[in-house]
Amino acid sequence: MARAIPMERGLPRLTTRPRIGSIAKHVVLIVVAGIVAYPFYFMVTSSFKDTLEAIRTPPTIFPNELHPENYTDAWNRAPWGRYFINTIFVSVSVTILELITACLAAYAFARMKFRGKGILFTIFLATLMIPSEATLIPRYVLMSPSRVACAGLPCLGWFDTYQVQIVPFIASAFSIFLLRQFFLSIPSELSDAARIDGAGHLRFLWSIVLPLSIPALITAGLITFLGSWNAFQWPLIVTSKPDFRVVQVGLSAFRQEAGSSYHLLMAASTFVVAPIVLLFLVAQRYLVQGIARTGIRG
Amino acid sequence: MRMKAAILAAVMLVAAACSGAPPAAQQSTEADITLSGPVSVTLWHALSGPQQVALDAMVKKFNDTNGKGITVTALNQGNYTQLYQKTLGAIQAGALPELAHAYESFVADYMKADVVVDLGAYKDSPTNGLTKASQDDIYKGYYDTNTFPQYGNRLLSWPFTKSLAVMYVNNDILKEIGKPIPKTWDEFEATSLAATKKDASGKVTRMGFAFNTDASYFNAQVYARGGSLMAADNKTVAWNGKEGLAVLQMYDRMNKNGSGYSPKSFDYQNDLATGKLAFFFSSTSTVPFMKQLADTAPFNWSIANLPQAATDPAKAKTVQFGANVAIFKSTPEKQLASWLFIKWMSDTDQSAQFASTSYYMPVRATAANSQTLKDYWAKVPQGKQGFDLIQYSSPEPNIRGQQDIRDVILNMITEVLTGKSTPDAAIATATTKSNQIIKDAQ
Amino acid sequence: MAAEVIPSSVRASPHRRLPIEAIQAWLFLVPAVVILGVFQIFPAIAAFYMSLFKWDVVQGAFRGLGNYTDWLYDNSIRSPDFWRALSTTFSYVIFTVPLEIALSLVLAYLLFQKMRGRGIYRTVYYLPYVTSFVAAAAVFFWVFHPQYGLVNDVIGIFGIGPQRWLDEPNGIFDLAASGFGITLPEWLAGPSLALVVLSLVTIWHYLGYQIVIFLAGLSNISPEYYEAARLDGASERQIFAKITLPLLSPTTFFVFTVASIGVLRSFDSVYVLTNGGPLDTTRTVTLLVFKTAFQQAQFGLGAALAFILTLVILLFTLVQFRVLGRRVNYG
């Protein structure tokens, strides 16, 4: 059985990875990193400035004095605690459930034979191509408490709930597509061997395919989680009560009324982004976990 | 229920006839009923921050004191665009709230689905309406904007969060250059130029005026120059006359000589506060933001009417801003409960109270007598300066298609400011497009 | 062994042979089919229904394909609007996707090396993707500020005058040419500077996201290939070209497809940064859909336009699958 080993330890460097000149590499990476990180840097430093310094033109590179109270000020202006709890609950639920459905579906597309596979996959992909503005009104109506608007049937009546923010996102053609590409590249020798051993599809999926696809799973999971964390338009229109609202909706409202209180807007933006950044810091080392291919020969 | 209402109306009629007071409605309508039990209504709005807090306080007070068992729930739906989106969706789903905050153009669209209640009957209702004195106390402009010629001149919404376009002035700069607040457009241009400072390399370090590309300010300037916005039959635009052209030409000149600039988002507020800008036009709702900036780093500022073409101050004109509230058709009880709330909001005490906490304008003149407002004005004199100008504020057109016309005007101004078009060419294209839009939208 | 797997009941009746695998496959697919069916496909069908009517706030007369022809050629305001929006959208894709992919591929390759600070680099590159567009927009307004922006200061060093960036409606070729005193005809002016800035911001935003996907793809390449190639004496460049790129092709293909669809469909970035301006030079088709449906309340026309866009995306993707799909190496 193959196990995932982090590439950092185990395998000798020389024969397993491509190499590039060290200094040139670092220069390029640092310059790009600087450009890429500048807006974030700007956001965080502005969040510690006072009212006037934050709007100064040209902006100062580093705050003259640090004002961490901007964070408590911004926090107290809205029920952020509640928003965070809602967001975490919704995002975690969506991610877990979506990964499950995506694995099953991607596996079916990648490694099973059945009639209509091509057409079904195209239909799934098509859902990625329809802009959400077109289906916004029908989806809104679907969630409404209306008795007859849904093709003559009663609608779901899910306004101001958690399920309205979770259930529609339990399946995503994007994750299915992503995982399908990965599952396709699992060598057929592995599946042949499994069949010879008498393992069914489910067992093969669970014991072999999934462990080999951890980078893909984590990638899909991260992207799904982030998509859910940053969701704005949908939660805005299907929830009105603060009890069910999420952080992006809160941030948007904040942007409107903070107006020229730049320092507070930046503080709020920072603490909305921070959890994701931390999550990524932790998750990214598993993203390039290698796989012990020796499992094939053994 | 109907019987009771009919009897009540009959009694009122007789009583009115006997007392000599002018009779109001001739027949009883659903506007004249009384409530029989507790009623809950929901208000969708687009207020956030301190305005939302102010509204919530008023709602709570109403719920606690109305004595008729009415409970209002006010829910924020995002900004105005999002509120509009949601309301349209609600129309499709058949799931509208009882009341919603709305701009005039929104109401015009909602009426296409015929879901909006005619408030005329409620306003004039002998049981539940306003007395004539009270009706007259509300600024005429606020009735005009909520009256829709397209829909038979019916009163389809009620003033709620009103403001107006005014000129903000940095008095420190004016004092330095030794000029008074300009009263005419020529003075304005000259003063803006005098306020402009450039450094050795020719880069502008202090500006006179911040351009607005928003259509409302264009409209305000057309009014202030003595022009009108729509033809009398509402079928074509009228802002393309010499007044509109004069606005564009002034922009062009000021852009080229550096006395005007195009700010990004809220720059103009910060620039005025830090002494980099002499004038900008904005809504009276910007007062709290300027006050906040002044509290952090004091500077002298005030509000004045836009420069005017008319020499007679009584003929001064500017544009009215802000949204209103519309009631959607539901049951007579809910409609009445909704009406009673918005009527209460517009009564003198509440109007003054709301104005002093939300920085919106009161909807009636006698609000000036309230102590609450007087105290607020003592702290924020610019509030009073704005209030004194309400009588000069006129509504913008409220026909369908007006939202698109606003985009056309915005593009017209941008073309002039970025040098893509001359004022004449820009205004000509914009006029053709706008008239076509009006045609298509009917 | 096949005999053990297929139940005797099925073997016994050749005419009614339902492959077990097919049934199992459909079972695996049930959750996805149900959810996508109810929450994506059914609303899409409803939207299509709406697109067949004049739907001006409320349902009006049946128009068949009338809304569609209005956009394509029939209407004097809507048709030019559509074609201009389509052209803008394609410019947006052309300026964003290839550059985005090349950059993220190179960076992912560099980051794949074992080196110090790798984790930090990766996190830094991922920051734009997690930074909310609302906050990012505020920062970019500053960076590209017409008066006080950092970028204007930087190009000033090279002697180029300050630009309006996100507020500049003039085409980039036109701007460049007028720097040399040449005036170009209107149709050669090129996409507006605002659109190019929009592309840059989009690339910035998605860089980390794509690097992450490429990293996962790179880690999928069996190290034996490198082992073997190095034993054969291949140079780094040869390894990259002959081994890495081909074996990475499923991932590259995926990224290319998804990135293109993403940009064609994108709305938030444009809405927040320019809202279609200046002078409609960044008005993509999605923005036009939004304006039609949610400013003019013309739902029929809005839905029709959205489906036209869907068709465009579908055709574009099919072409991609055809042209590029052949070159994908599943290893």
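In order of appearance the chains are A, B and C, and numbering begins at 1 in each one.
Everything that follows uses one rule, which is that contacts are C-beta pairs under 8 Å (C-beta built on N, C-alpha and C of every residue); 3 or more make two chains touch, one makes a residue touch a chain.
What you see is a predicted model, and the numbers here were worked out from it, not measured in a lab.
*Asks:* How are the chains arranged in terms of who touches whom: line, ring, star, complete or other?
*Replies:* If you draw each chain as a dot and join those that touch, every dot ends up joined to every other.
*Asks:* Suppose chain centres are the mean of their C-alpha atoms. Which chain sits farthest from chain C?
*Replies:* In terms of C-alpha centroids, the chain at the greatest distance from chain C is B.
*Asks:* Per the definition of touch at the top, where is the C-beta contact count highest among chain pairs?
*Replies:* Counting C-beta pairs in contact per chain pair, the top pair is A-C.
*Asks:* Distance-wise, how many Å sit between the C-alpha centres of chain A and chain C, to the nearest whole number?
*Replies:* 17
*Asks:* I'd like to verify one number: the distance from the centre of chain B to the centre of chain C, where each centre is the average of its C-alpha atoms, in whole angstrom.
*Replies:* About 40 Å, centre to centre.
*Asks:* Residues of chain B that contact two or more other chains, please.
*Replies:* In chain B, the residues touching two or more other chains are 85, 88, 92.
*Asks:* Note the residues in chain A that touch 2 or more other chains, in rising order.
*Replies:* Residues 57, 136-137, 141, 252.
*Asks:* Among all residues of chain C, which ones touch two or more of the remaining chains?
*Replies:* Residues 145, 147, 294, 299 of chain C touch two or more partner chains.
*Asks:* Give every residue of chain C touching chain B within the complex, in rising order.
*Replies:* It comes out as residues 56-58, 76-77, 141, 145-147, 164, 167-170, 277-280, 294-297, 299.
*Asks:* Applying the document's contact rule, which stretches of chain A touch chain C when the two form their complex?
*Replies:* These residues of chain A touch chain C: 7-8, 11, 13-20, 22, 25-26, 28-29, 32-33, 35-40, 42-43, 57-59, 100-102, 104-105, 107-108, 112-115, 117, 120, 123-139, 141-142, 151, 167-168, 170-171, 173-174, 176-178, 181-182, 184-185, 187, 195-196, 198, 201, 215-216, 218-219, 222-223, 226, 230, 232, 248, 251-252, 255, 262, 265-266, 269-270, 272-273, 276-277, 280-281, 284-285, 287-291, 293.
*Asks:* Using the touch definition up top, name the residues of chain C that touch chain A in the complex.
*Replies:* Residues of chain C touching chain A: 1, 4, 19, 21-22, 24-26, 28-29, 31-36, 38-44, 46-47, 50, 107, 109-115, 119, 121-132, 134-136, 138-140, 142-143, 145, 147-148, 150, 153, 204, 207-209, 212-213, 215-216, 218-220, 222-224, 226-227, 230-231, 236, 239-240, 244, 250-251, 253-254, 258, 261, 264-265, 267-268, 285-286, 289-290, 293-294, 299, 302-303, 306-307, 309-310, 313-314, 317, 330-331.
*Asks:* Which positions of chain B touch chain C when the two form their complex?
*Replies:* Chain B reaches chain C through residues 81, 84-85, 88, 91-92, 109-110, 112-113, 261-262, 264-265, 403-404, 410-411, 414-415, 418, 420, 433, 436-437, 440-441.
*Asks:* Quick one: which bits of chain A touch chain B in the complex? Just the residue numbers, please.
*Replies:* Residue list for chain A touching chain B: 50-52, 55-57, 77, 136-137, 140-141, 144-146, 148-149, 155, 236-237, 240-241, 249, 252-254, 256-261.
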